[in-house]
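Below you'll find a set of structures to go through.
The two complexes that follow have chain A in common; it is paired with chain B in the first and with chain C in the second.
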Partner chain A sequence: MFITRYIKEVWGAVKSLTTGMKRTLYYFTHHKEIITEQYPDNRDTLVLPDRFKGEVVMPHNESNEHRCTGCTACELACPNGTIKVITRFDITPEGKKKKAIDKLVYHLELCTMCGLCIEACPSDAIKMAQTFEHSVFDRNKLTKVLNNPDSKIMEGVE
Partner chain B sequence: MYKEPEILSNYALGSNSGVSLGEGDFQINFGPQHPATHGVLHLVITLNGETIKKVEPHLGYIHRSIEKMCESLTYRQFIYVTSRMDYLSAHINNHACALAVEKGLQVEVPARAQVIRVLMDELTRIASHELWWGAMAMDLGAFTPFFHAFRERESINDIMEETCGARLTMNYMVPGGVMHDIHPNFQKRVKDFLQLYKRKIHEYDELVTGNIIFQNRMKGIGYLSAEDAVSYGCSGPAARGSGVSSDIRKIYPYEIYDKLEFDEVLETAGDSFARYMVRIKEMHQSIRIIEQLIDNIPEGDFQAKTKNVLKLPKGDFYTRVETARGELGVYIVSEGGTTPYRIKFRSPGFSNLSVLDHMARGSKIGDLVAMMGTLDLVIPDIDR
Partner chain C sequence: MWSFSYIANEIHEWLSKTFNPTWTLIIEMVLAGVAVIGLFAVLGLILVIMERKVSAWIQIRLGPNRVGPKGMMQSMADTVKLMVKEGLTPTGADKIMFNVAPVIAMIVAMLLLAPIAFAKNFQLWDLNIGVLYVSCVSSLMVISILMAGWSSNNKYSLLGAMRSGAQIVSYELSAGLSILTIIVFTGDLQMSKIIASQKTGWWIFKGHIPALIAFITFLIAVTAETNRAPFDLAEAESELTAGFHTEYSGMKFALFFLAEYVNVFIVCAIGATLFLGGWMPFHISTWTGFNHVMDYIPSSIWFFGKTFFLIFVIMWFRWTFPRLRIDQLLNLEWKYLLPISMINLLVATLMAMMGWHF
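Here is the complex of A and B:
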C-alpha cells in the first residue's frame, strides 16, 4: 500500500541519516583520529623521505669539489631537455687536455622530476633534493647553474 | 545564399543520430569548467525539459599529443609521459609500457621485480578506487566521504613517496624491472595500511553504500546491457557491472597474476549501483592480492641487466594490462631504431565515455552525474 511504503521510506531515510551522523559524531569526539597536517605551520618539523624527487642538485664537498666529469649522460637521458652541460678543456700540469664542466645548466621549469638523469649518472655527481617549494616571481630564477663558481672535479673521479 | 560548410553539417544535430531539435528542446553545455566533470570534459546535452535526448562529448581540451611525443623519445624516456595519461593509475600505465618494451627486447624480469610491480599496481588500484569513491559521492552531494577516502589514500601516497620518490607520477617502472629496490620500511608501512583499511572500511558502507538516498539515486540508473557493453568496447568495472568478463588479469595474465588467488568481480544488474559495487569489491580483492604477496617478496635483483641504449627489433609489439578503469593497450611499431616509429595507446576512458550517450538517453539530467561518476572518467586519459 502507498501509506506503508511511504512510512517505510521515511523510516529508512531517517535511519541512514542517523548512521551517517553517528560517524560525524564519532570523529567530533575522537580528535586523535583526525590526521590533518597544518602545512605552512609545520614547515620546521616536516620531514620528507630521502628518495623524494624535488629538484636536481649537485653536492659539493668542503673544498668546493664535485664529482661531475662532464660526460653528458644526464643530458642524453633527460626526456625534456632540462639539463645542458657546457664543457671546456683544462690543461693538466702534465700538459694534457682534460674535459671538465664549465656550467651544468638546469632548467627547473622544464623538469618533471622523473629521476632518469640520476639513474644515468655514472659517477653519482647529481642527486635529488627534498625541496618542493619552487615558486618564484621571476621565471629566470628557475634556470639554475648547478656547479658552484670556481668548483673543481674531485680527485680520483673519472 | 549562405551554405553551411560540410564539416559543420556532419556534426549538426540529427544528421547521424536520428535526434532533431524539436519544439521545446534546448541545448546546454555541461563543462568544460563544470566541477562535476572532473576536468575539461565538454558535453553538449540536448534536453527536452529535464529529459536527455542526446549527449555529445566534445574532446580535445587537454590533448597533449602524447602518442606523437613518444615518437621522439627513447624507450627508456617515453615511459614517464604515460603517467600523465591516466594519472590516477600512473603505475599501471608505466607497467604496460615497460611490458611492451620488454616484449620487444625479450628480457626476463626478475621474480622480485615482478612481485614489487604487482604490489605497486594493486596499491595504485586501491588508491584510484578510493579517490573515485570520494569524488563520486561528492558529485552526488555528499561531502564527507571525500575526506574519508583521502585519509586512506594518503597512507598509500606516503608509501609511494617513500619507495618511488613521488606521490602521483612515480615513474618507478623501467624496462627490465623497477628503478630502485623497495624501501626498508615498505613492508611495515603496507601492513600498517592494511590494518588501517580493515579498521575503516566499514565506514564506506555506513556512509554511502547503505544510504537510502544514495541507493535511490543509483539503482536502475544508467542501465547498460551486456551486449551494448561489448559493442561499445567497454572494459574494466564499466563492463563487469553488466556481467561481461573482461579482467585482463584473469583472461590474459601478465607477470605473476596467474599464480595469485583472487576473484574477478562480476555484477549482472548493469546499472550504476552494480558498477559501484564492482569497484568496492575490487578493492577487497586488491587487498587479498597484497596480503598474499607482502610477506613473500623473493630475494634477488630488482632490475634485469639491460643495455645502455635500448633498441627494439623491427616489428610491432602489443601488450595490455588492467588499469583501475579498464583495459589499457600499448602498441609499439619499431623500425629497429632507438625511438619507436609509432605508438598507440588504447585507453579505457575513451571507450567508456562513448557509451554515455547511449546510456543517458531518456533519463533525467540529474542522473547524468551519477552515470558519469560510475564510469570513472579521467579526462587526460580520454584525450591523451
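Here is the complex of A and C:
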C-alpha cells in the first residue's frame, strides 16, 4: 500500500542517515586514527607503503652484477618512451656473441610511474624505488643511466 | 547570577545621567551597532576555524595546524589575506547591483540579529512579533543571492542563484511550519515570552514527539535555507565553480562568506530559542535543588552552548552527507518534509487544545 511504503521510505532514510552520522561522529571523537602525513616534519620517520612508486631503479648485488639481459621488453612496454636500452654484444669465453646492455637510459622527467616496465621485465632486473624528492635545478640530471659503470650480468640469468 | 544585562543596565544608567534621553538613545543605538559588527567579526573567526577543525576530524585529518597554537590563528591569517586582496568588478557586470549584493547579505544578517535574546534580559529589540519578523526577514537572504547571480553576467552565477531561489522558496515552507508548531504550544510570537514559557522544561521535551519531529524538520529546512551542504546546490563547486559568488573576490567575497556563517549562527540561535529554551537553564519541573544548581550557570553560557551545539550538528550534516541533485532536493521538500510537517502541525494543535503537553 502507498502509505506503508511511504513510511518505510522515510524510516529507511532516517536509519541510513543516522548510520552515516554515527560513523562520522566516531571519527570525530577518535583522533588517533589520523591519516595525514606531516611530511617535512616527519622526514626521518616517514614510512611509505610497499606499493609506492617513486622511480625506476636497477638493483645491483655486492659484486656489481645486475639481472638485465638487454631484451628491451621494458622499452617496448613503456607508453611514452621513458626507457632506452642501448645494447652491445659481448664475446663469451667459448667464442660466442652474447647480447648485453651497454646503458639502460631512464628519463625520469618523462616517467608517469605506471610500472608497466616492471611488469614486462622477464628477469626482475628493475624495480620501483621509494624515493620521491626528485626536484633538481638542472634538467639533465633527470636523465639517468640505471646500470652501474662496469657492471656485468649476474650468472645464470638468461 | 552574573549576566550581560548588568553591563547593559550600567551603561544605560550612566548614559541617562550624563546625556539627555535623545542622545542616550542615539549613543545606545551606535553602541549596539558596534557590538553587532564586533559579534560578526568574532563569529566569522570562530566559525571558520571551527568548521575547518570539525571537517578535518570527521575526515580523519588534522586540519590547519601551522598558524598559532594548534592552528587556531588560521582564520586571522585568512582574514588578512582577504582584506589585502583586490576586490575586482568584472567589466561585463552590472556595477551597482554587483557591489550592493554582498552588503545586502550582511544587512539581512544584521536585521535578523535584532530579536535574538543572547542572555537573560539582554536583547536588542523585544518586539511582539519576534518569530514572524525573523521568518520574514530571513527570506530576504535570497535577494542578495539573486542579485549577485544576475549582476555577475556569468552563466554559472545565474544558474546558482536560480537554484538558490527555488530552494529557499521551497524550504521556507517547512521551516515556517515547524516554527508554527512551537508557536501553537506557546501561543505567543514574542521571543521573551517563548523563552519564559520554557521555564519548566524545554519544548523539545515538553512537546513530546511533535516537537521532536518539528525540531528535525527545522534543522533540515534551515540547513537548506542557509545554502549549506548537503543542500549547497547554489554553490556546487563541482558543477558551477562557486555558484553565485564565482565572480567575487577580496572583501566582497569575504562578506558573502561571513554572511553564510552569520546566517548559520542566527538560524541556530532561533532553533535554540524555540526548541531548546534559549538562555533558559535546564530545568526539570519539580526538582528545585537541581534547578537551583542549573541557575548558577550564567544564561549567556546556556544560550551560546546550545547555539554552538546546533552549529556543530549542522557542520556534522555538511561533512557526512553527499550533495542532493536538484530534483531530489525538491522531492525531499514537497513530497516528504511538507506533508510530514503539516500532519505534525495538526497533531501539535490537537495536543495544545487538549493540554496534553506538560
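Rule of thumb we're sticking to: the second predicted complex is superposed on the first by the 121 of 158 C-alpha atoms of A that agree within 3 Å, B and C clash if a C-alpha of one lies under 4 Å from a C-alpha of the other, contacts with A are read in each partner's own complex, and residues count from 1 in each chain.
Definition applied: a residue touches a chain if its C-beta (ideal position, glycine included) is under 8 Å from a C-beta of that chain, and two chains touch if they have at least 3 such contacts.
Note that this is a predicted model, so its numbers are computed, not measured.
Of the two partner chains placed around the shared chain by superposition, neither chain B nor chain C is touched by A:S63.
When the two structures are aligned on the shared chain, A:G115 is found in touch with chain B, with no touch to chain C. Put simply, more of the residues of chain A are touched by B, taking chain B and chain C as the two choices.
Of the two partner chains, chain B is the only one touched by A:A77; chain C is not.
Legend: residue contacts after superposition of the two complexes on their common chain; A:N42 is shown touching neither chain B nor chain C. In the superposition on chain A, A:G20 makes contact with both chain B and chain C.
Within the superposed three-chain model, A:T4 lies out of touch with both chain B and chain C [touch as defined at top]. Of the two partner chains, neither chain B nor chain C is touched by A:N140.
Touched by chain B in one complex and by chain C in the other are residues 20, 23-24, 35 of chain A.
Chain contact summary for the complex, chain A toward chain B: residues 9, 12-13, 15-16, 19-20, 22-24, 35, 48-49, 51-53, 77-79, 112-116, 119, 128. Residues 73, 76-78, 80-81, 144, 151, 154, 161-166, 169, 171, 174, 179-180, 183, 203, 206-207, 210-213 of chain B are the ones touching chain A in the complex.
Residue ranges on chain C touching chain A, taken from their complex, read 54, 57-62, 316-317, 319-321, 336, 340.
Those residues of chain A that touch chain C in the shared complex are 10, 17, 20-21, 23-25, 27-28, 31, 33-36, 38.
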